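Some structures to go through are shown next.
Here come two complexes built around chain A, the first alongside chain B, the second alongside chain C.
Take a look at the complex of A and B:
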């Protein structure tokens, strides 16, 4: 059974009032000073977020390559007439997302003010399909009491208190209020991405057999931190009654690992329709906000990302996920940028007798450089493309002077929010699918890297790659 | 220039990782008292 990529979806959720619960803003706000007020002053309204050129590229209204023609800063050049809906994605507003959080909550963790309701016209069809009856509503006195006691965190909408989210155990740090909010945000945004995938691809929910969640959050309790399974929770919320599932954990490389696993399961005939889904990372909101504030920019990390992909058996029309070209980084290999990319890109291509320029496009970690450069974190995709081009030159596949042209023709500007796993090459798959169906592209390689050393159990890096080809 | 010096090596994932810096600095005669690799994304 040849596995193919049937559909790809990218989503964003604008959550300005949750940026304060990102890891960095939460720590900054605990220090003396005016950080929280400065942060709030630099948050963007929904219209600006929807018209932001990288976001338009993320949901498919703009080709990533077109970003190179838009003057910098991109946040100063919104796209006129931009829609929050695109051919393979959409951008949700915060009010609608709070309703999805209510739906995601099966344990009364969230308590919203009875007087609060989401905007009447904000919800998309995919979001409406997920919404249910309002969850547990509490009197304002009860909400304030929970916040003052320290058991709950306040939830705001456009700056006004509208509810709280509480812990579920006094001593279990895995069930602390902020951790549970992170987990529910990943679940709700993942379910939204999956629901949009079902609708865009006309895939009946009951036909999803297996879900691989590549979301970053590690669900669990004090006896098994990270042992839980977000995949089934997302599948349940999205209304997939026949789907089992499992989580794939590999830092930012998880989406590509998940695609490889999904393709292998389909190729082996274990399942017919597998879905890879990633919800957003609340912890990474505002990760570089202190630098954006310093530079008097908008706080650009104000969106949760979501991705979903349908991997199924060959339908005669969709591009193939070529497992013979799947790349991996064995533990005995160097964890240098060169060592990782040699393992992930050069070696699988060499096995098949192919050259680096035989692949039309490389989708590396597609972090939006406008977010990272002001914080001194460099232009991540460009750095990776330079390494790839240098490898091609070292292997004698291109001349040294061809390096800039290789980068231009096989690379692209970064356009994904800095949400860890979300930029991991996979946001390009919607564009690749469109180009392959239009006959303008034959192959794309998705290359993701994971920083295993962050967990302090190894000094190694990691990564995974896979080729999609018509 | 590194002979006999105590060194803190701060590496970067997409640049030069900490262990690589440490190995070079040790070979140059310094004592690496701490090394780490940062991931800025």
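Take a look at the complex of A and C:
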């Protein structure tokens, strides 16, 4: 059974009032000073977020390559007439998302004010399909009491208090209020991405057999902090009654590992339709906000990202996921940028007798450079493309003078929110599918890297790659 | 420079003394200037443990000649050389040369 990529979806959720619960802003706000007020002054309204050129590229209304023609700063050049819906994605507003959070909560963790209701016209069809009756609503006094006692964190909508989210155990750090909010945010945004995938691809929910979640959150309790299983929770919320599932954890490389696993399960005939889904990372909101505030820019890390992919058996029309070209980084290999990319890109291609220039497009870590550059973190995709081109030059596949041309034709500007796993190459798959169906592209390689050393169990880096080809 | 790295450098200074340390950088672009300033005149963002701490440590980039020529050639070829084509070596050299000039002036 040849596994093919049937559909890809990218979603964004604009959550300005949740930026304060990102890891960095949460720590900054605990220090004396004006951080929280400075942060609030630099948050963007929904219209600006929807018209932001990288977001338009993310949901498919703009080709990533077109970003190179938009003057810098991109946040100063919104796309005229931009829609929050695109051919393979959409951007949700905060009010709608709070309703999804309420639906994601099965344990009375979230308590919203009875007077609050989501915007009447804000929800898309995919979001409406997830909404149910309002959850447990609490009197305002009870909400305030919970916040004052320290057991709950306040939830705001456009600056006004509308409810709270509480811990579910006094001593269990895995069930602290902020951790549970992170987990519910990943579940709700993941379910939204999955639901949009089902609708865009006309895939009946009952035909999803298996879900691989590549979301970053480690769901669990104090006896098993990363126990899982977000995949099933997402599948249940999205209404997939026949889907089992499992979480794939591999830092930022998880989406590509999940695609490899999904393709392998389909190829082996274990399941017919597998879905890879990634919900958003609350912890990464506002990660570089102090730098953005310093440079008097908008706080650009105000969106949760979501991705979903349908991997199924060959339908005669969709590009295949070529497992013979799947790349991995064995533990005996050096963790240098060169060592990782040689293992992920050069070796699988060499096995098949192919050269680096034989792949039309490389989708590397696609972090939006406008977010990372002001923080001194460089242009992540550009550095990756330079390394790839340098490898091609070192192997004698291109001349050294051809490096800039190689980067232009095989690369693209970064357009993904800095949500860890979300920029991991995979947001390009929607664009690749469209180009392959239009006959303008033959192959794309998705390359993701993971910083294993952050977990302190090894000094190694990691990564995974896979080729999609028509 | 992130706070963890600042903490590590501060600990190394406390353990080994400033006179026994050299900082070797590996990053690109604006990060080079920020990191070099952090370990010489202090954290320019005033956020980390090196805020207001002028360590004045000698700082080099691994692609600068002073470091490059001291590494075993085979190790350099295997692990570092490719980055000469990836990072903007000219800009890195200029950034650090300017920093050293300013340090000498303040001297």
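Keep in mind that, in the parts below, the second predicted complex is superposed on the first by the 470 of 470 C-alpha atoms of A that agree within 3 Å, B and C clash if a C-alpha of one lies under 4 Å from a C-alpha of the other, contacts with A are read in each partner's own complex, and residues count from 1 in each chain.
Heads up, the rule we're going with is that a residue touches a chain if its C-beta (ideal position, glycine included) is under 8 Å from a C-beta of that chain, and two chains touch if they have at least 3 such contacts.
Everything numeric here is computed off the predicted structure, so don't read it as measured data.
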item: Partner chain(s) touched by A:337 [first = chain B, second = chain C, both, neither]; value: both
item: Partner chain(s) touched by A:421 [first = chain B, second = chain C, both, neither]; value: neither
item: Touching partner for A:290 - first (chain B), second (chain C), both, neither; value: second
item: Touching partner for A:261 - first (chain B), second (chain C), both, neither; value: neither
item: Which superposed partner A:103 touches (first chain B, second chain C, both, neither); value: neither
item: Contacts of A:167 with chain B and chain C, given as first, second, both or neither; value: neither
item: Which superposed partner A:20 touches (first chain B, second chain C, both, neither); value: neither
item: First (chain B), second (chain C), both or neither touched by A:377; value: both
item: Partner chain in contact with A:390 - chain B first, chain C second, else both or neither; value: second
item: Residues of chain A at both interfaces, chain B in one complex, chain C in the other; value: 336-337, 376-378, 383
item: Touching residues (chain side chain C, partner chain A) in the complex; value: 1, 27-31, 33-35, 45, 47, 78-80, 82-83, 85-87
item: Chain A contact footprint on chain B (complex, rising order); value: 13-20, 36-37, 39-41
item: Residue ranges of chain A in contact with chain B within the complex; value: 252, 335-337, 365, 367, 372, 375-378, 380, 383-384, 418, 420, 423, 449, 451, 453-454, 459, 461
item: Chain C-facing residues of chain A, complex; value: 290-291, 294, 334, 336-339, 373, 376-379, 383, 386-387, 389-391, 393-394, 400, 403
